[in-house]
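There are two complexes below, and they share subunit A, which is joined by subunit B in the first and by subunit C in the second.
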Partner chain A sequence: MNALSASHPHGAAMDRPSSRGARVEFDRVSKDYGELTVLHETSLKIAPGELFALIGPSGSGKSTLLGILAGFVPPTYGAVRIDGTNIVAVPPYRRNIGMVFQNYALFPHISVAENIGFPLKMRGCGKAEIGERVKKALAMVRLEALGERRPAQLSGGQQQRVALARAAVYDPGLLLMDEPLGALDKNLREEMQDEIKRFQRAFGATVLYVTHDQQEAAFLADRLAVMRGGMLEQIGTPRQLYEMPCTHFVASFLGEASLLPVAELLGRDGQEVRVRTAGGLILRALAPSRVSERRAVCLRPENILVGAEARGRDNHFLGVVEEAVFTTGTLRYRIRLPGTDGVLTVRVPSRPGIELLAPGASVDIGWDASMAVTISED
Partner chain B sequence: MSRVASTPLWRILSAGIVAFAVLVLIYLVLPTLVIVPLSFSSDTFLRFPPSGFSLRWYESFADSTDYQLAILNSLKIGVPAALLATVLGVMAALAVVRGSMPFRRTLAALMIAPLVLPQIVLAIGLFPLLAKVGLVGSYPGIVAAHAVVTIPLVFITVSAALRSYAPTFELAAMTLGANPWRTFRHVTLPMIRPGVIVGFIFALTFSFDELILAMFLTSPTTRTVPRLLWEQLNFQMTPIIAAATVVILTVTIGLLCLAVLAGASARRRMAGTARE
Partner chain C sequence: MAGKVAGASAPAPGLAAPRQRAAAWSPAKGGLLLLALPLAMLALFFLLPLLVVLGQSFTAPAGPFDSYVRLAGDSALRNALTYTFQTAAIVTLAALVLSYPVAFLISRAQGRWLVIGMVFVLVPFWTSAVIRSYAWLVLLQRRGVLNEMMLALGLIDRPLRLTNTDIGTHVAMVQIMLPFMILPLLSAMRGIDASVLRAAAILGANPWRQFLHVYLPLSMPGVGAGCVLVFISTLGFYITPALLGGSSQMIAVAIEQQVSRLLDWPLASALATLLLVLTCLLFMLYERLNRRLAGAGEAR
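What follows is the complex of A and B.
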């Protein structure tokens, strides 16, 4: 294969060792449409081989960032570097980036094998080489038998795999995925998440993955960024973002959270602070140094302990159960705090023998300081 | 709904509606078809109903050098005009539907204009212009004129084809390494092919039937079949006109059937395509 492709003008780019992904850098990139700024000055570095997810609601700028990297959207300012080279002026067809689209964008007028062979044909590969590499790619996504079919004759999951094979057959160092699982139903989506993860590990390319599904992003990504209003709100590993959100928006976008507004900062002890909430409770909570204003305390539902376990914790109160529901695997409570702080969402693993509390019952609730984190307002 | 459908009044009404529709169809088609028995007439001038039947007028049509030349002219004008209209119409549709230039709506309206405006206006406008450059009576003159009036036909069918799918396919082709020309050649063109073929057939059919521009812009050596028919109607009124008309009618209907077939096969081929 090396000898074959060496004779082609684009051979060098195609034969990038697949164990090494591209290094991507957005350097103060922004995008305006006239008066409207859809992407504020953004800088971001993605390491070789990393699966980086962008999440956020629609209109948050994640598709713009992806489009800038793909070459569909020219940035207003800033540089985009792949392996150190600024590619802003390079047209999309010379960027050697693989892309998987939400609706796959498989060409309906040609067969599955021809779809996968398309990028090789565009790179001037010979028939024999194309045939061989398409066969390999089909095997990689376990669709050996379906090469002669038209895309419309395949199921959604199969089309998805063809799209993946087509974007990877020319060994790009960077793969872009724009809501690649958005068109699939829930079960298939979970199956494909495993598939994508396996694929990425084996393939080794850097992946920029755009989704609005926070669970999908948390499952797949090495790191992720939450976007909002054309800005990166927070960047980190899924676990960092879940456990240490900086803002209300991040806290509530990733999973469930109960937020208690802070009225006054009472004292500081290393990583911890003591605060009085707007409802009059005195709480101890973590205070990550990167959060400047401490406007609320964020509590994840599974970090709040109920009953005997709750006693003796750094924060301990007597609450009243307002709502109690069994969902698969968990008991979900809404428990009213003393004072006027309102209601906490609490999740307790449901095991045989653990009784579901009745609404109206008084119950001990508590959590250690390390289970709660202070965040800034929005 | 089903209760309404079963009342006697509704049954009478619906029978009436069907009868009316059939009458409208007959009214639309019959005058066109009157020409068919006339063409088999044994009379020496156009008269309805004919007193007897023969194939003599088809024979004289086949033997007529005038008609042979006119048919050749119609082809020499229709095919290049339709090709020119197809190339320009496809380019215009790409620019208006996929492009990002300002005033696209206005431009789209302007593209349709030659179809809506009276042809006599275009004919009168073109005549002095072509006379100035010495193209009246020549092939290029009438080819250009027919291309102008048939561009909208291609523009409409190709615009519809382009609007039927999201531009994601073209974006995908580009990320896969296809430059703009190869994206058009390998992705856009195959996707819009039925629209292009139908547009070409419409353009060809239109040119084949067109009289007004032909009257202004052709000469006896470049005159088309419709112009010859018109001239003969004025002077001789023999059923050879009917025979010639039936031939034109057959060719036109054949072309339109082709257009329908092209559209249907495309729909079959793209069935199940992921729409966005």
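What follows is the complex of A and C.
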């Protein structure tokens, strides 16, 4: 790690103190392709050393935002600042940003060690220095023995680690990751998530991480932004976004949610509101001040209590079990509410002795007002 | 064949099963049948004539190896051989230099521009070399299009001698060979992943270094294939040097001369054999080099 955080004296533009990550600021940035706007005016600040994730479906603009920061996509309007300097006019090769690509983009014609040494070579480092720093970088990603191989001879996970080492070996203050784990299978992906998290903590760089996998983003990110239709829909910590989604889109993009449409606002009491749902239920729920329209009540499956625990809660109903499934660690129910509001998804931790309810059974369900949150329409 | 073996080794399932199996079509059998006709064609019209030529080269009246001895002693023929290889080298190099940027541009083109680019490469490719050689004759001759144009523009006072010179032959040969260079280059270039170049850029390589350290090495398979194709094809050029050539002879022209004017079939056969052997040697060298380069990347 020492070698990686040692600053090097080559090139004024590339040389920056690297004890901490870079500060990134998108200032009213947008991107049009002719008539088509792929990124609406977007402002975003990322703190030094922060791991910030952009999530959203494909075409939501997250790759455009990343491309603008990397310098591959010139923004139509706006400024992008790294440590206060607008870099819109700076070509990618002078931005001193590290990047891990979705398909790794390793150079197939040179060895793993040469791949990792490439950015150092471009910075005019001497052979001896390159050799030493490549060796340390290989050790850091635990590929010491494979330096002489070609990328094609490595497994997907190994290639991923080479890409990481190559992006970090020159100690950039900012690291971009474009769906870096997209091509790996599930087990390997989880292992690499741990590795990336450890790596980022040790390395101290600011990371902008693009993914469409919400679990990955929630696990890795300090903060994340959900993107949709070329706009930032909501920004916050993973927990904030999960527990206090502003919109239907965010609520359903991050984890599971049952939504009950609101027909009428009955009253307000501090942070809480009383609403009547379209199906005729009277509910109490949280009303975050950020949300102006209260169009639906969002319920996370693990926040709904079942059976004896449900009685005496702020919201308490008698439901009918429609579907009951055991999945590892969890009992998963679909429970029909009284009235016409439909079906709630409920998850209860499965412990020995807790019986799986049978479909057709009537059951108490309930939740406190603080367990439900009102959100805007879409 | 596989069907029979399986049927015979099946112990109990009655008699019907092997019979059914035997009737089944086997790709191995069918493949051989499909190959029979082209193989027969090749044997009859390619291998046999080649063997005849080889045999004929040993039938000189003064002894079986006389043709080869004379070939070694004849400075004109040796010169023709040197000139042929020299020409092939020049044409290959010129074609490479001209083709690389063209292939690069076409490889980057999309939609309509891609079609237009390909048409410009393929239409000459599909046009007979004889026709193109004549076209060059029309363009380059004393009162040809090029000379007339330059005279009219006042660039020159007297027509330039462009035909029956090395330069005229080389220009025509390069033009005929361009598609053979462009197409392999194009196929290599279109296979280069754009994200690899982006990676080079973000890692600190300016456009020139992106080209030098990443693009050029990744396009080398196309360069190799194109050069071999053009070099070997140029070795056998006949019609273009025959029409446009100067005092120095290409080997194919020399062979034709031995056959039709001097009626020295054994010597012509010896020349042809020598050309074939040298071409094969070159190709083997290329293959070995190629395998060594690729082997460094694929060896497990």
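The working rule: the second predicted complex is superposed on the first by the 360 of 378 C-alpha atoms of A that agree within 3 Å, B and C clash if a C-alpha of one lies under 4 Å from a C-alpha of the other, contacts with A are read in each partner's own complex, and residues count from 1 in each chain.
FYI, contacts are C-beta pairs under 8 Å (C-beta built on N, C-alpha and C of every residue); 3 or more make two chains touch, one makes a residue touch a chain.
All values reported here derive from a predicted model rather than from experimental measurement.
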item	value
When subunit B and subunit C are modelled together on subunit A, clash or fit	clash
Which of subunit B and subunit C A:Arg274 touches, first, second, both or neither	neither
Partner chain in contact with A:Gln159 - subunit B first, subunit C second, else both or neither	first
Which superposed partner A:Arg20 touches (first subunit B, second subunit C, both, neither)	neither
Touching partner for A:Gly98 - first (subunit B), second (subunit C), both, neither	both
Touching partner for A:Lys197 - first (subunit B), second (subunit C), both, neither	neither
Intersection of subunit A interface sets (partners subunit B, subunit C)	70-72, 91-99, 101-103, 105-110, 118-119, 122-123, 152-153, 166-167, 170, 176
Complex contacts: residues of subunit C adjacent to subunit A	193, 195-196, 198-206, 209-210, 213-214, 217-218, 220, 296-298, 300
Interface residues, subunit A side, partner subunit B - complex	10, 70-72, 91-99, 101-110, 118-119, 122-123, 151-153, 159, 166-167, 170, 176, 183
Contact footprint of subunit A on subunit B as seen in their complex	166, 168-169, 171-179, 182-183, 186-187, 190-191, 269-274, 276
Subunit C-facing residues of subunit A, complex	14, 70-72, 91-99, 101-103, 105-110, 118-119, 121-123, 150, 152-153, 166-167, 170, 176
